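Comments concern the structure below.
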Amino acid sequence: MPGDALIVLDPYPRPLGLIFSPEDLRRLEALGRVERHEGSPAPGDWIDARLPEAAALVGQTALPKARLDKAAKLLAVCNVEGNFLPNIDYEECHRRNIPVLGCGPAFSPAVAEMALGMALALARGIVPHDAAFRRGEETYSRFSNDGCWLLRGKPLGLIGCGNVGRALLPLLKPFGGEILVHDPWILDAALRELGVVPLGLDELLSRARVVFVLSAATTENRKGLGQEHFARMAPGSALVLVGRADTVDFDALLDAAERGHLRVAVDVFPEEPLPKDHRARRTPNTILSGHRAGGLGETYRAIGKMVVDDLELVLRGQPPQHMQRARLEIVTKRRGKPEKQ
Amino acid sequence: MPGDALIVLDPYPRPLGLIFSPEDLRRLEALGRVERHEGSPAPGDWIDARLPEAAALVGQTALPKARLDKAAKLLAVCNVEGNFLPNIDYEECHRRNIPVLGCGPAFSPAVAEMALGMALALARGIVPHDAAFRRGEETYSRFSNDGCWLLRGKPLGLIGCGNVGRALLPLLKPFGGEILVHDPWILDAALRELGVVPLGLDELLSRARVVFVLSAATTENRKGLGQEHFARMAPGSALVLVGRADTVDFDALLDAAERGHLRVAVDVFPEEPLPKDHRARRTPNTILSGHRAGGLGETYRAIGKMVVDDLELVLRGQPPQHMQRARLEIVTKRRGKPEKQ
Amino acid sequence: MPGDALIVLDPYPRPLGLIFSPEDLRRLEALGRVERHEGSPAPGDWIDARLPEAAALVGQTALPKARLDKAAKLLAVCNVEGNFLPNIDYEECHRRNIPVLGCGPAFSPAVAEMALGMALALARGIVPHDAAFRRGEETYSRFSNDGCWLLRGKPLGLIGCGNVGRALLPLLKPFGGEILVHDPWILDAALRELGVVPLGLDELLSRARVVFVLSAATTENRKGLGQEHFARMAPGSALVLVGRADTVDFDALLDAAERGHLRVAVDVFPEEPLPKDHRARRTPNTILSGHRAGGLGETYRAIGKMVVDDLELVLRGQPPQHMQRARLEIVTKRRGKPEKQ
Amino acid sequence: MPGDALIVLDPYPRPLGLIFSPEDLRRLEALGRVERHEGSPAPGDWIDARLPEAAALVGQTALPKARLDKAAKLLAVCNVEGNFLPNIDYEECHRRNIPVLGCGPAFSPAVAEMALGMALALARGIVPHDAAFRRGEETYSRFSNDGCWLLRGKPLGLIGCGNVGRALLPLLKPFGGEILVHDPWILDAALRELGVVPLGLDELLSRARVVFVLSAATTENRKGLGQEHFARMAPGSALVLVGRADTVDFDALLDAAERGHLRVAVDVFPEEPLPKDHRARRTPNTILSGHRAGGLGETYRAIGKMVVDDLELVLRGQPPQHMQRARLEIVTKRRGKPEKQ
């Protein structure tokens, strides 16, 4: 056991106790000498003093080339926040074969369950019917189900098929309909291997009964989903937005909900917190949720477990297995063009 | 084609246009001579006049022995309401080999999707969080997820595993946890074939993170789920009631929700409509739904399709395949005892 | 416990010890008073003496109306051989609500596994390549795989979709190709529910890469599969015959194998044992198996377990759940016409 | 389209026409200027002359640092043979961010199907029974199934869970038994995510009814499976060897088959071709196959398709998606220790 490896924890903005269970913290301490800074980003000199001995760095610490030059023993960097920030020199890390590892996969199961829950709630009117019931205005049986429908056998569409999409697919398959996917960054052949139908954006929108907008950072440069896209969707269809708010024209989306063209669930907003007087709060045919699809206690603990599992491997000289490596092609500016529009 | 068979339609309380699509009505009319009474139960003499020639009867018409004695050509009775009513002499039908067919399976997919939607909404607080958002009181990210949890990997429990349970199982399996079933009317070996864990009621309640109460008429003679049962469930667990309201002590259930011990979704009530001043309307930690889990447009059309499909078979001398035969052991008084308590 | 019920065992040609494990025999004896005749069919007077008290009869005993008239307490008949024989008055049993129960489902898992094993062995040339290896004539790597192919992604066809077909479907689904089914006795809508494509016989033959011939007794009146059918199949395709030999023109099938048009596995033969000089023994591109797809030790024990499980239920007044009821429409002469050709 | 990129093909020992369909070759030629050497490894000076302009290299060409120094425009190396050879300076490739891509995943589906076919053939005695039939010595029905068993519900074991294991898992899951995996290179948590039970080698051997030996190069340094391991397996169990022959003590394996303790299928041999007089050719309870589990026409074409798909991406600046990157930790000498023994 490499009990003398130095593991530096600089997890801000995540509290240590949020991500590490007592057991995982014990496992971490069994891997080496642990030094930690909590409650704020670690000061530069605190980091600098530890870099020459650090075997692993857990957190979102800035790592320009000058710092990497000092970190001769560094074997891995574990991000515990969820996004790859631009404060690391990824090319230099690559050259030194220091993997920068992300915890994105920890959030996916939670986001996938929320997305399905929202889709079912939209299709069945669970939220407005409960509100009507509390006002004493509920209707019963078939008189209460106007405009409601089943997911069963219906085409379901995913825009973006990264970690969240892959966690969502097995939950959608038993509904038995075709699963349509638009993701310009994934080969059609690879999508077909997943048992889904690769499709252009317009055709997906016109065919899917539920559209899950899951697109992540790598697609943010595409022009967003706007009024003309929503118009393609069949009246009464559902749209679930759990990716990035900036992938849609938010006002056009609220318009579509307001006039009853779509049923819409939103977990991410152009501004957070949303202004108190924002029209979204009064828009019917919507479900509103405060950026909470991923951030559950279980999720944060999963991050800690991933970190310890992978550091055990890395300190033994094996490749990490849980966390996701930052890929140069994706985190750097030199981005390519997607395969299809 | 047996174009001379008489098919008698007496579907009240179901409007004909609700259950038969224009296409299915055409298919029905291609099977024989169709006579119909709509808007109320068919008068006795109207029925009596048609019985001697009737090959099939679609509806909930009373069929005592005296009537069956006149119905020499009757090949099948198709209930389109959903319950086997006591107005039929089932033993005499059996002796004459006239199957009495039920449309219960048409409702199951819709109830199963609703049950899952409710479970996800409870686990993630979708309904109260949306209400808070509209009041401008939402919280964000991890501060909004207190007491929320994933279905993934958790034991999920079913009380009753008939048509609805069997439609729900494939939707639950991808969440990856054990599925626990209590159904005293089904052999343990048959449950294991379904890939679930047969379990006594008390153990199921103490282990399952969601309890789906799906029990149907055949189990109504069991003593209901009451305060001591809810107390066995782990704090913060969810209960989804989509079976029969009389299988639970409703007040005890609301107590458990009110003090935050359980999160509860209710689709069936001891009285419907529920009195305007009923405490349920003010009970927190609940989702209320007006007996609407099954009765969607798609469901009613599925009934009509079932009826026509099966009458095609019956008029050709083949067994029906979609609808469910009333089984003597179940519809008559001579009920047995369940295998296990 | 109804310890005074009389259970009569007349299982010939099945030895009792083949179908009942010691434990299941103990369970049976706990259900009532057990009397048995083994080694030959029970003599008429032995049966007649026990009929008035018999609550259950396990075996293939003849039950004409005259005998049923004496069997006032009889609640169920459990066939342990596998076929519904014509020595029972099924209509009288029906009138008296005495279910005649079959053990066919016990054989299905074994037949399904054998069918898949044969299909894979045909597609990959496992049998002839092993023989070549033993002769010292094997080839290696890609030079050994002429005419071999994967099941993955290929259309697979089932002729007949009863118990065996339903046991085979889940084994075939992960190969990812379309599953084509021809079964004129099952509604297209019911087949689609199983996730398969209902198809006419000719189209199935021309599209499927493996054709599983599973058709059972109910389809024996169709004209068999003959030369023109085999000609429709793509060269090099596989046919697996595990249903009834009389559903195919056996000589034409051997012709197709002999000239290399098909790869064929045969578990059932027009005569059994097959004459020593039958040409099948010298036909290349075949796998030969002596009616052994279903009859394993595990299968026979499953029959005994089914019988005891269901008698427990029947003696308590509940419907049986494992065994399959003889359906009047199927076991009697008054057969209908299949829906589609 | 980067029509001016130079793509160098040096595919020996694979013929070009084996791996590239005419359509894939056209797609490749649309990506850039293609230069090829076939029929033997490309001569050193032929390669050297093209390196300065080469954007992609398809083949097993030696790439020491001196050559990489000349290959300023090289973006990717695509191995089309299946093994990462030691003739490449992987560390230098990594430093230059030139992915070395392997085609291993192309073989996995074929190997997985063969492994399942062999397991079923062993469990059911398909091969020896066919041979007996041809000799006129077959038995029928239950008298022919001594020692045969079903996979259904039985624990099935995998030693090694790389590409082949992952292709095999979905084929095994519908048999419904536990799937036990021993792979010291994969985290238990990652195995559990796959729905399998991680297990020590000895316990796996004693519990599994079929043991699939799939271990690949990375485990070759473990001591092999020998007599004491085979002795742990239950009598009559099956072992399928499709990984590397040097992971087992081959003589001890034949001994176990010869005395009837195991049923064994072997696709890989310590020497290939196997000497004509090798005892394996006379050993009963074995199925012999000449290293043919992976090398089908479909497999080779899949390699070509992978290469073109991924080169399309690489030339656009995106990461490859089909082929597998050589990972420094695995291809270089600096190997770690596996997590568990």
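List of remarks:
A, B, C and D label the chains in the order they appear, each numbered from 1.
To be clear about the criterion, a residue touches a chain if its C-beta (ideal position, glycine included) is under 8 Å from a C-beta of that chain, and two chains touch if they have at least 3 such contacts.
Remember, predicted model here, so these are calculated numbers, not experimental data.
Of the two chain pairs examined here, A-D and C-D, the one linked by more C-beta pairs in contact is C-D. The mean-CA centres of subunit B and subunit D are about 50 angstrom from one another, to the nearest whole unit. Taking each chain's centre as the mean of its C-alpha atoms, subunit C lies 37 Å from subunit D. We define each chain's centre as the mean of its Cα atoms; on that basis subunit A and subunit D are separated by 34 Å. Pairs of chains in mutual contact: A-B, A-D, B-C, C-D.
Subunit A contributes residues 94-95, 97, 185-187, 189-190, 305, 309, 312-313, 316-319, 321-322, 327-330, 334-339 to its touches with subunit D in the complex. Residue ranges of subunit D in contact with subunit C, taken from their complex: 18, 109-110, 113-114, 116-118, 120-121, 123-124, 126-127, 129-131, 133-134, 136, 138-142, 144-145, 148-152, 170-171, 173-175, 272-274, 276, 281-282, 287-292, 295-298, 300.
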